[in-house]
Each structure stands twice: as C-alpha cells, then as structure tokens.
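Next come two complexes, and both contain chain A; in the first it sits with chain B, in the second with chain C.
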Partner chain A sequence: MIYPDNKNSKQHSQSNQHSQLKKANVKMALSMAAGALLGTGVMVNDAKAEVLKDWQFDSAFLFYSEGERVTAAEVIVSGNKTFANDEILNLKLTIDSLTGASANGAVVQAQAQTFTRPSGEGQYVTPAGETPLDDTFKDTRVQLNAQWTQPLAENYTGSIGGHFSKEFDYLSLGVNGNLAVDFYKKNSTISLGLSHFQDTFTPMGGIPKPYASMPIGDSNSASWDEDLAKTRIGSSDKKVTSDVLLGFTQVINRRMITQFNYSYSMVRGYLTDPFKIVSVLDQQGTAQDYIYENRPNERNKQSTFAQAKYHFDQNLLNSVLDISYRYMWDDWQIKSHTLDSTLYMPLSSRFGKQSYLQPHIRYYQQSAAKFYRPYTFAEQENKTTPDENYISADYRIGAMDAVTLGVKYGFSLNNGNDFSVRLEYYRQMPNNAGFDEPSELSSLTVYPVVQAVIFQLSYSFL
Partner chain B sequence: MNETISKVINNTIKKTIKSSQRILSVKAQEQGYVITFDAMASPCEVLMQTNDLALAKLVGRAVSDEVWRIEDKFSRYNKNSVCYQINHSSGQNIAIDEECYLLLNFAEQCYQLSDGLFDISAGILNQVWHFDGSANIASAKQVASVLPLVGWENISYQPNSITLPQGMALDFGGIGKEYAVDRSILLAKQITKLPVLVNLGGDLAVTGPRLNGLPWQVAIESIEGTKLNNDNNKDDKDTIIALYQGALATSGDSKRFLVKDGRRYSHVLNALTGWPIEQAPKSITTLAPQCIQAGMLATLALLQGEGAEQFLTEQEVTYWSRR
Partner chain C sequence: MKANKSSIKKSPQLYQSIAVSKTKFILLAVVLVNLSACSSLGVEPWERDLLATKAMALTSSPIDAALDDHIYFSKEASSGGKSFGGGGCGCN
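Right after this comes the complex of A and B.
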C-alpha cells in the first residue's frame, strides 16, 4: 500500500531535479512525439498567431528637465485600430509644454548683460559670468497625427498620413505616403516614403531683420516702437520641408534582423531662429552690440542609417541587442554621427507577467555649420554684406558631443499590455571648433555643458 | 465581427448529450462555407475559404467522418471501442492496431515528460473527485483507495498488444480531440490546397493562412468571472487572436473546480498524488504547429500550478492564460 503522502514527498524531490534537466526540451520532445504519432515530420516553429489588436492604446508621460534651463512635459496618447483585412488606423495626440530659459546665442561676459525680450516688451539681465538665457521661453504644443496603413496586394503595403501641429506662434501641416514591398518570402522589405510639411512661424514681436542690432532701451519711451519696427521685416514667415526615405529591411535568420535607410530632406524658406542673436565683440572680447542671426533659406540634408537587432538564446538570457548607427550630412556642412544601443534583458516571469530591464547608451557627435560663430568681431561685421553672409551663434548647430545613458524597466503581461518606466541622463558638450578666444573670455565658460534628466512612464493596453 | 471568426466554445461537457445525431449542416459565409456537426461532446466546425459548395461538402464529410471514427474507436463509453475493450480486458493481453499503439506511445512520452504528472490511466480518479464548484473535496482515504489503480508504469504494451492490470482504466480524453484535429487537417490538405480551419470544441488548427496571407480570426471566449491575465478590469470581452499558421488548444475549465477554505482546487489532477493541482490558471490557450502539441503544452503547463506561465515562457511558447 502506497500512502499518498509518501508518494507526494518522493515526487517533489524527483520532479524538481527532473524539471531542471528537462527545462529546455519539452517543446522539442513534444514536436518529435507528435511527428511520430501523425506521420508528419517534426514541426517545431510552424505556428504563428498574435492577439488581434482591436484598439490598442499606447500612452506615455515624459518629463524632461535641463535643470535651470528648459523643462518640458509631454503626454502622448496613441490608438491603433486593426480592421478585418489588416488595415490599420493610427491616431496619435501629443501635447507638450515647454517652460524655462534657453540660450539666446550671446556669449558669456565678465560683466552683466542686458537684452530686450523677443516681444520687444521689457528687458532681462544676465549676471556676469553666466551664459545668457532668455527666460521668456514658454510654449504649449498640440500635435495630431493620423495614419492609415493597408495591404494593397499580396506583398504590397501602402500607407498615408496627415500631420497637424499648433503652437502659440507656430503652425505645421504635413502629409506623407509610404509604399512597402515584401519579397523573398517576406524576409526582405523595400520601402519608399515621401512626406511634405508646410510650416508658418508667427513669432512674438515679428521677424527680426538679419544683422540688425538688437535695440536695447526703454520700451516705454515714445520712440521705442519706431526703433523696434526698424529692426523688423515682417510678422510671419514660412518654411516648406520635403523628405524622401528609402528603406530596406532584411531578416538574416530567426534571431537577427537588419535595417538600412537613406533619406534626403529639402527645406526651403525661413530657417533662421528669430529669437537668436550673435554677440559682436571688440578685440578684447567685450560685447559692443548684439545682432540678429541669419541662416540660409535652404537646407539639403542627407542621412544613412543602419540597424541590427539580435535575439540571443537562453545562454544569454534571451536578451535582445539593438545597435544602430546614423550618419547625417547637409549643405550647411553639419555632419553628425549617432551611435545608439539598447539591450533588452528579460527577467524572470511570474503569473504571466514578464518583466525586463533595458539599458540604453547613445553617443552623438556633430560638427558646426559653416556659418556658425560663437561670436563675431566688430571690424569683421563692417566688411560683410548680409545678403551673402550667414551667421548664427546657436550652440545647437555648433560642434558638440552628447551622451545619453539610461535604463528602462518594464513588465509586459502575456496579452500584450505593457508598463514601463524610463530614466535617462543626457549630457551635451559643445566644443570649440577652432575659433579664436579673446583674452577677456579666456577665464569664462564659452561652451557650457548642458545636462538633462528624462523620465518617462509608458502604458500600453488593449 | 467578421463572419470567418470561429467561436471557441468552452467545453462544458454535458453528460446529458447522449450520442448526438450525426448530422452535417452547411452554411454559406461571406468568403466560403462553414460545416458544423457534433462530436466528442462538443460542437465542431470546419471553415473553408472557397466558392465551391461540392468541395466544401467533400472536406466537411471527410473531416466529420474522421472525427467520428476516432470518437468511436477511443471513447470510454462506446462498448465497441478499443478503449472499452482494453478497460474491460480483466488483465488479459488484448490485440491493438498501429494507430492505437502510436497513441499509447505518445501518451507514454507525455507521461515521461511530465515526470508522471500526466497519466492516461488517471481517469479513474474521477470516481472520487466531483468538480461541481462545491467544497466537497475527496478524503485522503477515498483517494488512497483508487490511487493504486493509477500508474502508467504498470501497463505493458507492444506494437500489437497491450496488457492492462485488472481494475485499471485508460482515458484518451486528454489527447483524443487534439489528435482528431490534426488528423482532420492532414485529410483536408490531401483534398485541397484552399484554406481550411478545423475547430473541435475549442481545440483547432488551420491548414495555413487565409487567401492573400491573411490570418484567421479566432475568439478565445471569456469565461464568466475570469479575465485574461491583464490587470485590466473592464476587459471581459473575448480576446481575438489572429492565427496564421498552426494550432490553438485550450486546457482548463472555470466551471469544474472545488473551493474549500479559500483554496481553489482545479479539475486537473496530479496523477502521482491523486490530488488536484492548486494555484493553476483557470485556463491556458497555447499555440503550436500541431494541435496535439498545443494541447499537451497547455496541459503540462496547468500541471505546473502556480508556475504554469513561467513554464510556457521558458519553453518559448506563445500562450494566453486566464486566472
């Protein structure tokens, strides 16, 4: 007579050992057993199914802070509806709000500096030794995107979309179209995308006249409006962007997929930043004047992008490595390299909840636009004719290195719902692309480091 | 919802349905035909994407004949079945054919893969366990009285015969339906290259994707009082799965359990202890190339109890669980 308790305890020790041994091969063993039973070959991976995403929503809240500079908060809600014949409608709403201060382009000085606000109403003072920041930076943007994707014929997928974005002083409208063709049993995909955007910029205080000196004075004085008007050339301006994207995706094997893109982007119109100025220095480095920047009214940008994703096996915890590299160059002579990598590491699962950890590292390097100057000199300015010459001291088109380090923790539930938290640190390090530094600036930080923290919460649900 | 959706019916096995009439009914659909019939105490259907009614009937007849053949041959209740003869052999050696041998072989491999937790001789435990939602759990004495009659290791079988010790019984219920699905798919593929789906009471497989590479849409019906494991309370609707290739099988049943002192006893029994598995999901649906693989993966997962989902994740199996 065997007592259940006896049998039970014996079984426990046995099964623990055995399940360790057999962990890896139950699925394979069943495939072989089924193949023998049914007289078919061994079928291991001949199955494909997914939860049909009726409406699937992705939502995210993002907080970005540069400390004493810009702070941004963003909410994204995106809905995907899949129809019976694999048509997909995507609607996405993005609302972001920016506040804080951004560099106005003027260089740091050993004494306090006074600037006129972009609106012309009032002034702000930057203390000695500090990078001049315009603290009137405040905006809320509402962005709407709609995209319709559908199979056109076997192996052909088409997609069209529209874009609307509105800020207090900015309106952007866009359309796009994309065609993807699969071949080699869908292991290869070629895609062609076209997009067109039309933007209208109506900055507070109007469009400043390039190279005009920033008027600095009493905005309550009788002649102020007239003085200010002399430095303005209009109230709004336009910009048109056309992009072509050529993509190629190749499945290498069950574990690896690669992607290659080439894009060409043409921008025409008002590309100058109306809020940015350039310091005009004397030989010693003391600011004599501030002039409004001027950029070319066209920019042709090209970029190439390569990405590989590799899914490791159990020996490396089923992690997924994603590495990508982008090289961008344009006729402003900005060249940039971006190296980006994430490693998706699944953690143990419990009750169908699969959690993961995903470190992220990104390195970015950029050379300066040919007309970028951190400042200019008085005698130099007298010689230039504004129509032919361009100038900007915007550090964002200067030479820089940037590093992002981050980590994401998420858990996905077995039906596809997904929650994640992302925390990242971003460090932007502008550097001197060979400009002479006058003596007065030598003890000051002309190229200040910008640091930011990014925090994101995401939730996807069906 | 799209007409091609095949409703996966929760197999509330109604013992009251006596050997139901063997009738095929054919209905035209938007993109083909659906042939329905009853077998193995479940509603069954064959979906076919064709305009050819004669062809649809031919496939429907071939599939239903095969399913009924397997039911007749391996049913515990049919006195002419191989299973009945084995179970009433009084310890004598009984002749079996190749198909029976192959099924026994498959059952043995499942027994070994599960370290004895899955055992087709365990059906006899249902004499002491009645999963009616009540608190009437079996007594240790009751379990001990039937447990000696469970044990695959006591059965000897060869390619053409089997000897089952007196008092023991086999039950092909845990693999028969899934086997019938796979056999039906093989038959349908012999007849036509057009897309066919065979659904036997929720265990189903397809010959391939629908025309133009589109998936079949299959609903995993929500069970009252359960939800798909998603922490999303509003969600008590069916989960729609797009099936391109392979088979789906569901194991578990929310209506067949016992609750005592706050512990939920699933109807899945541990063949080694004779006791129900605790902390198992209410149901598990798995994806595999063949239905019998899917069904066994779901069953083996339930036998892991609390670790059901982890087992399937480690095996890299696509699954949906309800708790």
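Right after this comes the complex of A and C.
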C-alpha cells in the first residue's frame, strides 16, 4: 500500500469528476441492470442504484501460458468506495486457476525417466532428452482482500487491511497496517508499513522427508502404502511471513515524482517445496536416485527500491516515462536486480475518445541460493553440517536472467469507462552458476529456457 | 529578576542545558538551511495538474501490478520492494 498513489488517484478522480448527466446515465443503467437481474422490470427503486453510486470498479482477466508447461487464468474485480471524510474502502476478489506441468527439479537424461506423482498415486514418464515436468499440477485459488484507508489528522493517513487466500492445499491469512505522513506542502511523504502472513500448506500426498528417496514402483502393490509412508513426515506445515516497508516519496517538480523504499522480510517455517526433487547422479551423469529437496526453515530478505516518473511535454507527445530499479538480497545468498520501465504515450484523441499505447520492458537477474544444485552426486550425499544438508534443484532459486517485453493499448468508451488490452512475452534464461557438468549431460539442455505469453483484458467502470 | 540572575550564576546545570539547547538550535538551523536548499524541489498546490493525472500515479494500474506481482512471485526468487512481498499463495 503506497499512499501517494491513493492520493494521486483520488485527485485524479476528483479532477475528472463526471458530469451529473453521466452519473444519472450510469445510475439508470445500473438500475436497469439490477432490475433485469431481479426480474422486477425497469422501474426499480433508486435505492438499489444508490448502493452502488460511489463505487468505482476495476476488473481484469489474465491468461498466462507457458505452452507445454503451466497455463493460468486469473480474474480480478476490485471495488473502491470513497466516503464523505475521504475514507476509502477497497474490496478485491481474485480467482485463479492453474493447470499444466512444472519442472520437478530432476535433471534431463539421455534416457527416459519414471517418477511417482506427488500424491503417490501413479507415475509419469519423461522421454529421453526432455526436462522432467510433473503434469499433475492443478489448482484453483480464491483470494479476498479488504483495505480501509483514512486521514487520521492533517497530513497523516492510516490504513489497515486483511487478506484471505484459499487453494485446495493452501491457506493464507494476512493483515497489514500502514501510516503515511505528508510534509513540505505534501511534496514529501514518509510511510511505514507492516504486514504479517500466516500460511498453512497441506500438500497432496503429505510432507516428504528431506533427503528421502522418491519411491518408484507399483502403486497397486500391497506394500506400496507402507513404502510411501516411510518417506513422509507429516500432512501439513506452516509458514509465517513478516514484512516491514519504509517508504519515502518526493515530488521533484511539476513533471517529476520519485519514490524510495527499503523493505525487510522475515519468513519462518516450512519453506521447502514438497513437490521438488533432486537427481542423484553417478560420475558419468546417469541418475541413480531422486531425493526430496530440503530448504532452511528461515529466510531473511531485504530490498531497496527506487522509482521515478517523468511527464514529458508536447514535443514528446506528453508521454510519461516510468522507470524503477530494485535490488534484493537475502541470507540464502540470493541477490537480484530488477529494472522495469514503461512509457505511457497518449494518442491523438479520435472521435473525442482518449486512447494510449504503453510499451513495457523488464529485465531481471538473480544469483543462486547457496544450497541450490542442479543435481548432486552419489558420493556427495549425507553431509555432516546442517548447512550442507540443504539442497534444492528448483531452477527458480538458481542463477537466471529474465526479460519481459510487452505493450498495452487502452481507450475510453463513450460512457466514460476505460478498456485496455495488454500483451506480454516473458522469457526466463536459467544459467550454470559454475557447477561441473558430467559427460553424459554435455549434449543435453540442463538449463532450459522457459517462455510465457501473457494476455490481459481490463475494464474500469463506475 | 534578581532571583533569576542569581540562580543562573549558581547553577552550572542550567549553563549546561543552555549549551544543549544551543546545540539543538544549531542542529535545527542546519536542518532548516538544508530544507531551504531543497526549496527548488517540490511544487505549489496549484502546480499539481500533471502530477494529479492517473498516468503520473506511482502505481498507475494497481490491477496490472497485482497480476505481475503474482506472476513474478511464483516464477522468481524475489518479491516485494515496491509494496509488501509477503506470502499469499502456494504458488512458490
């Protein structure tokens, strides 16, 4: 929650107050819609429209596809209501659905590989030369957010919020609070935010025992359930996340605004991915075994973030440049750099309607966690110190570069509502952070590129 | 007045506290000078026409930001920075 945004959007909505006529039209349209839904005809009580009168809605549909890997669809509806004393209530509903296959952590081999599904029921085979993907990945998630923001005193703004998210195997509950202080004619703002999340993970098939070998065999055999149970240590586990966010916003001049943040995040609890395994290879690089990964039960992350927005003049089409940089580091020795930039370009208004084009570019680079290994070797197993006992082959905590290229086109409709469409291409390029590659893997793609296409439709209405 | 003068003469603590408040005053002056040096930064309330537009908001589309945060949270090892990076889903 960053206050200056609220402030700006509020000023924006105030400066762009719709005419009484338009309001009446919206009211009538809503009345008619409500009437149609309730089957009470066109003549419905104004009170129904009254309820929705001060609400402003933003909605979006997003489609994300990695081709043969993960496909996700997500819908968001967010409503803002502003009350008489500038209090703002925001309610947001998010529903998403994931299907497809995700990398299970095992390394590619010159021959086909057989794995047991996370549930323990059945197996899947990865063909020779292909990255092992677990195709049982499927989930639907419902998320609810509520945020209440209000002025506490002259130049003081407070905000509190709640978060609820539920998937088949995951529950997340969160609260947050934020205090912002404006000074120097509201050209400067200091803010302090705190958030706390409590997550419970109940993975299908239970929590695997770290370092245990993935049982591979006939799941219909008499001893299967017993064999599987030996590799499990429980049915669910918890994770707690606490964040502190310090922010400073400074207006530079009529055309430029900047923001600087520092954040500290503490995560405690079960941080291992129960679905991820690590290949145990012999010296030539042939898989002998697959073991369940193991991550520390603590992670402390810090980040600094800087952003600048600049409004060009007519010579540059009144476009707005947004550029930001984030540096993140943590005690898993992951360091990352993120550069993000958009250029908002208003197009000459046709038929009295506003439209814009917004190209987007993002560059991301991260180093590997200290316990990341793309695979391990048989003789390296059973390390003695606890630190050496952590292991994960999840490429998402390995070294990688990623690039996003996108474009968004938006326009205002006759009734004053806004519509936009966004298309982006996301490319992840994992790389070798200095690990020895055995001979058998030399002709195979150990660090495959992941590509995704993101398509989004957004509609904002009153 | 007499009593006050004599009490000042008699009390070294008071001298000390005056010295402390002098230091505070100097500090305050330094801060004020710094602030005035920054007076080229910022705008008057009537100069906020451009800053007040939606395109100039620090998060001009909160919906896009929420969707992007979700994607990158589940695909990369970093999150947050601009806003809270907390938990929220089992996607990571």
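Note that the second predicted complex is superposed on the first by the 395 of 462 C-alpha atoms of A that agree within 3 Å, B and C clash if a C-alpha of one lies under 4 Å from a C-alpha of the other, contacts with A are read in each partner's own complex, and residues count from 1 in each chain.
Heads up, the rule we're going with is that a contact is a pair of C-beta atoms (placed from the backbone, for glycine too) under 8 Å apart; a residue touches a chain by one contact, two chains touch by 3 or more.
Keep in mind it's a predicted model, so treat the numbers as computed, not measured.
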item: Which superposed partner A:Y344 touches (first chain B, second chain C, both, neither); value: second
item: First (chain B), second (chain C), both or neither touched by A:S78; value: second
item: Larger contact residue set on chain A - chain B or chain C; value: C
item: Chain B versus chain C as contact partner of A:N315, first or second or both or neither; value: neither
item: Which superposed partner A:E167 touches (first chain B, second chain C, both, neither); value: second
item: Which of chain B and chain C A:F201 touches, first, second, both or neither; value: second
item: Chain B versus chain C as contact partner of A:R396, first or second or both or neither; value: second
item: Set of chain A residues, in rising order, touched by both chain B and chain C; value: 1-2, 4, 8, 11, 15
item: Parts of chain C lying in touch with chain A, wherever the complex brings them together; value: 35, 38, 41-45, 47-64, 66-67, 70-72, 75-78, 80-92
item: Touching residues (chain side chain A, partner chain B) in the complex; value: 1-4, 7-8, 11, 14-15, 18-19, 22-24, 26-27, 29-31, 33-34, 36-38, 40, 43-52, 54, 84-86, 151, 154, 318, 348-354, 413-415, 417, 461-462
item: Of all residues in chain A, those that touch chain C in their complex; value: 1-2, 4-5, 8-9, 11-12, 15, 58-60, 62, 64, 74, 76, 78, 92, 94, 96, 98, 139, 141, 143, 163, 165, 167, 169-170, 172, 174, 176, 184-188, 193, 195-197, 199, 201, 239, 241, 243, 245, 249-255, 257, 259, 261, 263, 265, 267, 301, 303-305, 307, 309, 311, 320, 322, 324, 326, 328, 334, 336, 338, 344, 346, 356, 364, 366, 369, 396-397, 400, 402, 408, 422, 426, 428, 450, 454, 456, 458
item: In the complex with chain A, residue positions of chain B that touch it; value: 2, 102-103, 105-106, 109-110, 113, 115-117, 140, 143-144, 147-148, 179, 182-183, 186, 212-215, 217-218, 228-232, 235, 239-248, 272-275, 281, 287-290, 292-294, 296-297, 300, 306, 309-311, 313-321, 323
